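Each of the next two complexes has subunit A plus one other chain: subunit B in the first, subunit C in the second.
So, the complex of A and B:
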């Protein structure tokens, strides 16, 4: 092969980074560091926790046995040697959990607690824990016991690393069945939600039915309440004392049925937003073409409408699936004995203090969430713009029968959503369901109940406000730096990855990871554990991605020429940022902050492991009050969250309108 | 004029801050005592010790225990006041408690203290298992009230019994461990096998079965007497039934967390927690307290509770807890579908 002629290598062209460039890199670095500390390191801590296993290490203990007189001692012999001799325990038998016990008398087949024989035990390694009764000992000195005390000695397991927790998890049919249950619930809920939301979105975008504005408002209501609130409403409607119990024909609402109905309720607005966006972008010309080709309505629907909206549908399906499979509140309230993954984490950690197994279930829960996330990202990449400059927006034509059918569909959904909220309000005001139906405000006397009282409500407000302000500042600055920086491809790619990651991390997993990471005395950030700060950090991180994407979308609308122009006018970037970028992006900034506020008010999953008594939260109080059986006060607190979020939304709408009028006048000619 | 005013104000502020400095030792106290009682407990304690301020950290038994274990290497609590003894035993085996013999220990019922000397924990009051039975719903279904644990397995109760899940509730574990102690290993599991057929749901919280019975969501709930009495006071049509075979119990207890920086104040609190005055304070909600002879009957509490309390072997329960829960989960947790 002939050598290809080549030009002499010139000096590589390098982009010179000016001081602005360095400052931007520094900012991006700081926010990337934040994401590392608030996300990557805790997840790593959790992952390593899942590999911490406990087993009895028999080589660490030695025994000595006396004769009948209790004075002449035999040779010291290790527990491992005794076990080998007896063949009593296999390696699998010696695997244990943090709370494991192994009775030492198992090594002495002819042991009798009445005999005058005495026993000695010592550790031969530094860490050889054992219990005398319930007293923890850990010593390399010989300790002497009579037979009657010796039977009360138990060895304790020691920590090591390995895959043991995982093999145990997958060989436990109960835990394993939760995977199946979670997938089953999530799949059914997803199919139903996408169908319902599609019909609703179709009615709003493609029909001339009346009351569109009202329906839009009603459809967004579930976003304003914690996901477990529909569970409470369903108990009042279909529980054993429910006023609509009859229509279930003896089916119990506790279990998959309740979880699915509740899931459809709380995921509906999320799916609706995505599908509605997909349906709103369509080209009238395609429909005209279909009509002129004499395609039936039905055929047009399947060949034009559905393909046009398919990316939105897929995206909605994955978002719904992830929301359902990672939700913890609803199965907790109405799941009955139906085990799902999120509940297993709670049971392992809270019920059995088995943090290692909790970490294992968390890792398992991460898998479907990450798969859904990756597939969704791939689908998003394939999406090409349907709108070109020549497109003609679709204008629905009035069609009485079709419009009425659509109205009926939306009305049904509207009744379902408003009905659930209404039942909660009713529940909150009833004195003592079902025996005393008079109205009272007794259930709002939160200080008399578990869960933190009115203080929890004020804490929630504080958390929501802090999250909205701090979170928006961090997210928007991060998005700006990553979008408007020159060069530095690798750094930007890493940052993008970190910013997208929170979407794939279930809240419970994040919360548990925070315990492992922050509650470690060796961690310099240990001080924030148990404070409001850790709640703010976890909430900002948990909801980072959507805010980041919103900010990016807004920033991409700003012409890239602004930066070079500002640079050529020798204006520092921060002046451009403050004078142009922020005002132009204000609508997006307001959207991010209301999103953070509302979610901080309703979130349960991440914070349920992190709150302390001084930082009890309203959303967790709903959970805890329900857990203690105070269902009506739980509904009352849920309604407080609803009012707060609704008020915030209204204020947001007013603020946006007046700010828009002042800063966005340039958008209209 | 202005100057002297500022001066006076400054002196006043200084005086305020110094008294605050002198007067207050703050104790972080972890507890699972009912939320409605916390304020009363702190106020009564402050009558005698106004210089110690209690910062409560309250949650359910499981959560508080998990929290303490999670903080094992970096304890945040000074004192634990009002946590199940079973949980304190778990903490003791982890070496997390500071043994201390409070003044007045001798007056206490020996059942109400750690048997080691000095004890790692001292009891406050007993917290006994009971069945809450909804008379209105029972009548609607033509059922009669149970009088024993054995009655709960009667076929006509199928689907009408709710009990707490021992894996997530301290009350649930208390029930299971008492059945195993009363009926023996084999008999206990056989009993739970037949009881399982009647169970409508296993709840995560120990008070929930009683509240469900009070609200008519179920006819009878296996719970504890304290909860039943409260619900009855609130106007619920429930009866509190003490099964005739005997009842499992646990106690709320107090302990000092090893490594506390406020050891003196912590000891003061533990000393106070076993005074007759404190016992009278517990007696408002609990019928059996740590010093014999003090308790007065509590409204809606059955009178025969003390004689029905079994001789609970806490050490056995603590050492076998992991094995019992594993066996329980294997047998009953796989019941994935709730019954109608």
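So, the complex of A and C:
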């Protein structure tokens, strides 16, 4: 019994990989590749773009001018020297963008295109691009032109890398103030949403008030509409012609006020779900202990309830903060002149075609999103450990006064949420606000408006269906590979990281990254730019993480010994996957698909950069119609999205219930 | 006392080895879960891995199954080196503590899982499933779902599924520990019967000594990732190789002492032993099982006989078939000697608390173990 207690030298034994192992690795490889192409590479392209600046480098060009006869040539002179002589362009003037052009005639004040004088141009450095008409030249040889051609020559900027974009961004007070604005809006909205949602969750979990089911349903409604819809309702209520304008006492709804109210509306259900979960796992026994110590209700609330829900509150706060700071639709509709980061990206890219600056703003916007993401992950881990501790669920006791107070609180929130949707519905159904309040379906005649018409709606439906089906298949398979493959630790860790990443990437940033990556002629995937395919890819990627986590949770609940058993029975893994794993996880799979569907219907931020004329989408149409002043049709389109998502949710509930009924034989114990 | 062991070795060697495990080590990071485990199992044997929780039984079983490979060492099954083969290319059936029955498939489909997909005609599969259900005594349950069965029934379905493909080796990881005591005793017997009928080489992991003693042909006692002893249940019980084994299986009285001239001293009494191989004056632990303490009528005159101790009864506890008795003796100091006396002996010798008597610790039943190290 006295042999040396240390491991003998040698290599660790590794099992040979069987065909199953190879197939699993291949599957995971394909999905990892998908995430690389759809996420990592575009982000990389964007990041590197943010460090690129374009400027005209005049020292790279030399000119020679002939006399009137066109035969005798003067001394070569560089463009830089001419500019110095003329004092024409400052360094700031010479900063440019990808599309910049600088006419060479600017260096020759006496230039006339009718003169017989001839001109020569050459590059003195390797890269000295210029255009002759539309023809790009880049040569160190002298090229000779008559004056009529010479006036059509334009210098092109050259790229250099560095921090110039960032220094420019942070020294631009207008752009910089957007950071302040974004933080301000997000902080206020977060505080309000978390308080409101906490009250609501508290009422649902801790009181005996009536109508809990109805309130839950109402609270979830904002998820079914685009984030910009509350903006439209607010315009109807408090806008220039709003029927409730008076109660704002001269405050304008356009700006921070509108953004905050709308943000509370659309983030409310997200915060509610998280806080409600946290409250529902609290332990009855702690309350009994507090009661036995004769602690007052108020004291119990602060010493038991709040600490018990703290992870939920922190998590809800960060999720809400991220949703608000990365949201684009709402400030676009109701922000007025109030600039926020997400709007800046849009303006830089769509308005000024300054893609590099758009990339810089995106990187800035990534920071709060990533911080929120990291904090949320830490907190979630802690909460899971709370959950696994065996606790007795809290059973509220009736208390008339308290229950009525809670009912009042929920009713107020319910009126707010249902009111916003109701106003949109009302606006969509009347003829002409505020002059003709008669009923009409005119606003649903989208083909008469700009924005894509009914085609946009059908496109959205197609996008949502494709996203639900393809996305769910990819996400569930990927999660299965991560959870159930044996060995291959590093590969799985990389995959898991890629799968978690989308949650930290705001939609605007993803969309812009896609422009950089896919709208590049050198990219073999350039072909999908402007098609439905890129919309599907971006949407699946944008909402990947939540689906992935849902799938992982379901898979973790399956007995880990199924795979070993199947292997010992010499059955391939896919047989187990098809006959056991998928059927057992069907409820989770349906949850993922409805989540993908609803989000694909409502999303604006990523796709707003990626749609083309024949792939216009309903959510983007709401934005564009609002932009064009067609607010009522915008509301109508928003309501179309609402009807569609509500129907999908109802169908989903039916499908889930019928599956559960059909399979309950094996579920009940 | 050495004969049965020699005999067992002869029988084991006579049959051709089916599973040969050679120098197995398993490291989880710095932690060694298996340390130099070597073991040979004959065709058709029923082997139990027995040891306290966390001693590495499951780890060893999973290495044999190819689920979590050993870090060093080799495994041969039926003459084939399977050390680095994946699970799907090995030849075994396995039953886990959780049974791992597929919840959405009926009992029938569960058992047929390994038979389908093998180009067997449907009728043959159905017949085989029926045969297996008969075999495990559940012919009526084919159409039910696992959740509708009791724990014991689920257990048997899992067993039927594992043997459906006629594996060369059956691996059972604590198959009975999730069941209540009554069902457990019943199933013990059934599993053993089934194994005898099928003649399949079987390894069962358990931490329950009774289970191992009643079922196994041979028991592998493990501790801290090491094999302490391999032997038949009687060998393990009657002739434990280490103090750990003596303690883990059954009960022992133990006294720290020194070895001298083939004997150990307890107080002023010399106990002859049959132990050999200890140096003169070596620090040893003497151990004797409660049932090996033989009572004799008390108070005889003259010098104490060898291996006899004068004791007093401090406490008696009636346990049905015997009396558990705590004895004190000046020779033993503060530690009481525990003895199990039969009802007959108690009646015959008229034993009661406070009585004095002489007990004999027969030389062949006095076990001696080296002291020191983690088994001291």
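As a convention for this text, the second predicted complex is superposed on the first by the 560 of 669 C-alpha atoms of A that agree within 3 Å, B and C clash if a C-alpha of one lies under 4 Å from a C-alpha of the other, contacts with A are read in each partner's own complex, and residues count from 1 in each chain.
Keep in mind that, in the parts below, contacts are C-beta pairs under 8 Å (C-beta built on N, C-alpha and C of every residue); 3 or more make two chains touch, one makes a residue touch a chain.
As the structure is a computational prediction, the values presented were derived from the model and not from experiment.
Trainee: Kindly classify A:449 by the partners it touches after superposition: subunit B alone (first), subunit C alone (second), both, or neither?
Mentor: first
Trainee: Counting only touches as set out at the top, which of subunit B and subunit C does A:72 meet: first, second, both, neither?
Mentor: Once the two structures are laid over each other on A, A:72 reaches no partner at all.
Trainee: On the A-aligned overlay, A:583 touches which partner chain: subunit B = first, subunit C = second, or both, or neither?
Mentor: Second partner only.
Trainee: Quick check on the superposed pair: does A:561 touch subunit B, subunit C, both, or neither? Answer first, second, both or neither.
Mentor: A:561: touches subunit C, not subunit B.
Trainee: Once the structures are superposed on A, label A:247 by its partner contacts, choosing first (subunit B), second (subunit C), both or neither.
Mentor: neither
Trainee: Contact-wise, after the overlay, does A:20 reach subunit B, subunit C, both or neither (first, second, both, neither)?
Mentor: The answer is second: A:20 touches subunit C but not subunit B.
Trainee: Taking the superposition on A as described, I'd like to know which of subunit B and subunit C A:570 touches: first, second, both or neither.
Mentor: So A:570 only meets subunit C here.
Trainee: What is the contact status of A:339 with respect to subunit B (first) and subunit C (second): first, second, both, or neither?
Mentor: first
Trainee: Have a look and say if subunit B or subunit C is in touch with more residues of subunit A.
Mentor: B
Trainee: For subunit A, which residues belong to both interfaces, subunit B and subunit C?
Mentor: none
Trainee: Under the definition above, what is the set of subunit C residues touching subunit A in their complex?
Mentor: 23, 25, 27, 32, 35-36, 65-67, 69-73, 83-90, 92-94, 96, 98, 100, 102-105, 113-114, 117, 145-148, 161-162, 164-165, 167, 226, 228, 242, 373, 375
Trainee: Could you pull out which subunit B residues touch subunit A in their complex?
Mentor: Touch list, subunit B to subunit A: 34-36, 55-60, 62-63, 65-66, 69-71, 73-74, 76, 89-90, 92-95, 115-116, 136, 165, 167-169, 201-202, 204-205, 207-212, 214-218, 234-237, 315, 318-323, 325, 329-330, 333-340.
Trainee: Which residues, counting only subunit A, touch subunit C once they are in their complex?
Mentor: 1-3, 5, 7-8, 10, 12-18, 20-21, 486, 559, 561-562, 564-572, 575, 579-580, 583-584, 663, 665-669
Trainee: Could you pull out which subunit A residues touch subunit B in their complex?
Mentor: 96-97, 99-101, 131, 133-136, 138, 152, 154, 156, 173-174, 177, 181, 235, 239-241, 250-252, 254-256, 332, 336-339, 346-347, 349-353, 355, 432-436, 447-453, 515, 519-521, 526, 530, 612-614, 624, 627-631
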